[in-house]
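So, here come the structures, one by one.
Next, two complexes with chain A in common: one pairs it with chain B, the other with chain C.
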Partner chain A sequence: MTVRAVADSSVGRVDGMKTLAKSEFETLIDGLIDDDPRSVVGPQRRSGQYVFEELDSAADLALEYDLTALSPKKYLLPQYEQLLTYERTDGEYEMHAGTDTEGVIIVGVHPYDLAAIEHLDKVHIDTMGDEPYRKRREDSLLIGLTMQSVAPESFAASMGAATTDSGYDLLVTDIGDRFVVDIGSFEGNELLADLDTHSASHSEVQEVRRIEDDLRGRFERELQFPPEELPTLLAEHYDDMEFWESYAEQCLSCGSCNMVCPTCYCFQVETVRDLGGDSGYQQRSWDGCLLEEFASVAQGENFREEVAQRHRHRFMRKGLYVYERYGDVSCVGCGRCTRHCVADVADPTDVYNDLWEATNA
Partner chain B sequence: MTERPRVAFFDFTGCEGDQLQVVNLEERLFDLVEVVEVVSFREAMSEHSDDYEIAFIEGSVVTAHDEERLAGIRENADVVVALGSCAAFGGINAIRNDQDFETVTERVYGDDADMIEANPEARPIESVVEVDATIPGCPIDREEFVQVVTGLIRGVEPTLPNHPVCVECKLEENECAFHRDEICLGPVTRGGCGADCVGEGTHCWGCRGMVDTPSEDAYTAVLEEHGLDAEEIVEQYQLYWGWQRPERATQEEAQ
Partner chain C sequence: MPSEPTDAEPNWVHYEPEEATLVAKTTFNEIDTVFEFELEDRDELGHVPGQFVQVFVPGVGEAPFSVSSSPTKDGPFELCIRKVGSVTTAIHEMEVGDTLGIRGPFGETCDIETFKGNDMLFVAGGIGLAPLRSMINFILYHRDWFRDVTVVYGCKDPTEILFPEEIERWQERDDIRFDITVDEVPEGVEWDDHVGVITTLLPGLKIDAPNTYTIVCGPPVMFQYVQEELDAKEIPHDHIYLSLERRMHCGVGLCGHCQINDLYVCQDGPVFNYEVIKDRPEALS
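Let's look at the complex of A and B:
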């Protein structure tokens, strides 16, 4: 991983841009699939939706995708992860770190998901020192992709995440008959070494800029105010239970919004015992603050028993709590929660804009 | 509990599909009988003993005789486990609970209907005896069964997942059944099944029962939004929850 080193490295944005034929890009990906020991994954079409999945061939890439079901977070922080295994021999317990921390080559990551991973890096590497995450992240390569389609649920432009100039090893933009690739890291640059590329011309760079500018105007949903206002706005409305209850009445409390969120990282740990009783493993799996058990503790106390409290917590967390701790608003505007909410009450732009209007009407 | 507890299986009103799931453990059955001694299991062996510590009970309670027999098992056993949805919360048998009992028996037994002596309602075993652990599902999940047995032997407090099926659908990246214009009970049904039905291209019927606190009003609104009228909505709820749902409502009112 060279991601954050990039920002102040000499590999500047314009200098780092190369142009290559689409067939050359396919050669690159097929070469990685054949030769790199790591898995190569990318967006593919699967029964009615797009998902990041292991690639058999570059031809399977669905680069036209708007939004995948889960974000590539699942490769860095898997849904289920064995943390340790234990075994008892002669009355003594022995424990072993049980997790598989191999890196992954992720192809076709949109800017909002790159932004989400940068945020997760801050939390897991810079702050919590989460070893399985750090190892996977450092061994992984991110090949970003400028969005070609915009999901109707997305508002990434409002969150400053429709485009990006950091967080990737390579960033690919389709300019029609060829790709312009921005080099974001030394490793990214190495990938291009054996390919037929040339330095992007001024007009090609201009075309990338034009596509990005155009993209920012293509979002159907938007936040009516700058996201920097969110922390203050939310703090003001913490006690406005009438507001939170009006949403919670329609909320199924099913946790889908948490599960599909690219920046949610809460987990639970459980012990799975083998029948014999002498061995087993501990596994962590994703948890979500909308779920009833999330804030329940020993002796049956539950700190957020009411749906309204949990509903509020989710929005507070994204726009205020995480900001207080890490300096980031932890919503990138991907729109997954909106897409997957069966009751249609998860859309952050609905909730945040309503709050804004209530304050500024 | 003893080092290798004696266990027995009993069937009440049900299809015996949950015990079949236990038999279907196949080679893992050998691991199982290393740690427990099976003393009664009509579906798998001919021997029987009334000396057991753990009783697994499949099926719901529908006759006075069922109630008596169940009370006897409870007296013999240290631990009673409800095996499958019928035993756990009435299950599919409770479809008939809101129908006229005479009509039901006539429809099923025709001219012999008056030979049938049964309670007007199918009920879970917890309505008759105290239950120590529950393994819901229609049928049960074999892995969950093994985990519950492991827990019981090791003295671990039994727990049930209390998240809805939606969580597992998201983790598995199943396409949402609602996105396929189907009705799905996943948002209010207890997970733990790996969302297999949705993963296989169909939808959730609610076989593991409702989560502890289902957002029923919000969910009913979703079904209305998808074009179901009141009767159709009740039909959805009635397939597995004919006992559980009214019982929940009564308990809520009492609080």
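Let's look at the complex of A and C:
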């Protein structure tokens, strides 16, 4: 869990920023790979796409990436996670909560994914008290990365998540021949202790600002209105079934939009039995509200039987329900759902802008 | 209602069940049985009427069930379970002395104590009597807190009646009115009480609407028709509570399966004020 070492408001980011050679950064990462018991993961190029994977060497980092297939959420809320193991001995069952909750060092996390993790923290740690998530998260380090490339599907700038000043232990910006690093936590500060760094100069900090400002103008997709308007807009269009059906017509209910979303956290719980039958475990695994059976109950009733109802629920949840409960619009504009939707009906900018136009035409 | 994030430490959720032992079972028919469980490490479940528990059968799975017994009953708690799937079948096959896992109790319900001084009307359809029985017995324990107590209970046919002996005792009391009906009587089954759907019992009741609190539980299709009758009686909507069923996987407001629009049945329910859910389209159909 990130503990802010430098109070941004009083000290200011100038004092919190360090400059280091790119080779020094590689030294840091290679040192962590060699010496830290935790896995060190980062963006890499695999089979024609970018993915977060375990690093063998800092040289494998693909820091130029635009968007990874899955977000680093997969390390904090794994797709499959044991909640409980059970075993029968002498006719009696023993049950034990627990799982492998060792943290991870995640290198190269873009600001929109940092924003998504901050939201997951708010839900799982600050509010609902999910112990497996908390343990893993508090034992993890996040080394953020200012975006160098922008995916054509992304609209993170519209969601205020193209840049960030929170949610990381370190945030790295490439300013050409060297990196400027913002320190976000005590742990982040400690990482730099043995490296050759110097305080970032005024012009280096200005360069970071320039890169960030420039970045916000590089997105091809955007919301035509401020995201704060989303909750009201969605509430107004809840009953507009013609609208939701127009998108749902093509939807295959595959759930890909849910699976790749960095803020989706719904899950199902299932029992996995060992072959002998006397032992096994309960696991939770990612589930999605677009999948047909998601809202069904015993004896056959399904409370979101129609594709359009499920489609609507996804957008309502992102922009209205979660906002009402937690104060966040739970879309960070990464664009993964757009990229992975087989039927091309998942793009939030299409849906939200169409709603906006319907209201403001 | 939606909870605000607070500075208070949450109760950390470990997903670890407590061991419970089956100490008694009473079978009503081929598919409905009430099971009495004793917790290994504590005397009481500590629930309030309307709450539910997650029951984990090792090797089979976990499923949510409303607690059927009142907290005013000492010792073991009761779950009335209909055999419909793998977990419920596994529980039905258990023998006294066998153990399973319990998480909970979970959920928000209505605060029955705030209904003091009023009439109480319970409307139960089928297996819906199971959660309501917890409330009915709570109210009968504190009988002098309330004015008239009425229960209407409808089943598909006489073989599906739950808690028949208890119902007989309730019917013998003069401080509670218990009306029962069945939709149909199969050939060869004896039945000398009312026949007709549950809504046929409601028009005949004399109801002091402004001073009546109503709690309804039954299959989703029933709610709408019962509500029409309650509206005919002009019972204020904020005096009506519904106990809803969803397939909760976690019980703690995370897994998303029980969501009714913005509400989580496991956290904001399963007992909801009608005023809160009547405008939420996913609540009842």
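The rule is simple: the second predicted complex is superposed on the first by the 349 of 361 C-alpha atoms of A that agree within 3 Å, B and C clash if a C-alpha of one lies under 4 Å from a C-alpha of the other, contacts with A are read in each partner's own complex, and residues count from 1 in each chain.
In the analysis below, a contact is a pair of C-beta atoms (placed from the backbone, for glycine too) under 8 Å apart; a residue touches a chain by one contact, two chains touch by 3 or more.
Only a predicted model underlies this, so the values are computations on that prediction, with no experimental measurement involved.
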Quiz item: Of the partners chain B and chain C, which touch A:Phe225 in the superposed model: first, second, both, neither?
Solution: neither
Exercise. Give one of first, second, both or neither to describe whether A:Arg273 is in contact with chain B, with chain C, with both, or with none.
Key: both
Quiz item: Which partner does A:Leu84 contact after superposing on A: first (chain B), second (chain C), both, neither?
Solution: second
Practice problem: Mind working out whether A:Glu249 is in touch with chain B, chain C, both or neither, as first, second, both or neither? | Solution: first
Quiz item: What is the contact status of A:Asp130 with respect to chain B (first) and chain C (second): first, second, both, or neither?
Solution: second
Quiz item: When the two structures are overlaid on chain A, which partner does A:Glu292 contact: first (chain B), second (chain C), both, or neither?
Solution: first
Exercise. For chain A, give the residues common to its interface with chain B and its interface with chain C.
Key: 273, 277
Quiz item: Which positions of chain A touch chain B when the two form their complex?
Solution: 46-49, 51, 69-70, 79-80, 249-256, 259-260, 272-277, 285-286, 288, 291-293, 307, 340, 342-343
Self-check item: In the complex with chain C, residue positions of chain A that touch it
Solution: 83-84, 86, 88, 92-93, 95-98, 122-132, 134, 238, 265-271, 273, 277-278, 280, 282, 284, 287, 289, 294-299, 301, 303-304, 309, 313, 316-317, 320-321, 324-327
Quiz prompt | Residue numbers on chain C that touch chain A, as the complex places them | solution = 2-3, 5, 9-17, 19, 56, 58-62, 84-85, 99-101, 219-220, 245-247, 249-250, 252-257, 259-262, 281-282, 285
Practice problem: Within their complex, state which residues of chain B touch chain A. | Solution: 31-32, 34-35, 146-147, 149-151, 153-154, 156, 162-164, 166-167, 169-171, 173, 175-176, 178-180, 186-188, 201, 211-213, 215, 217-219, 221-222
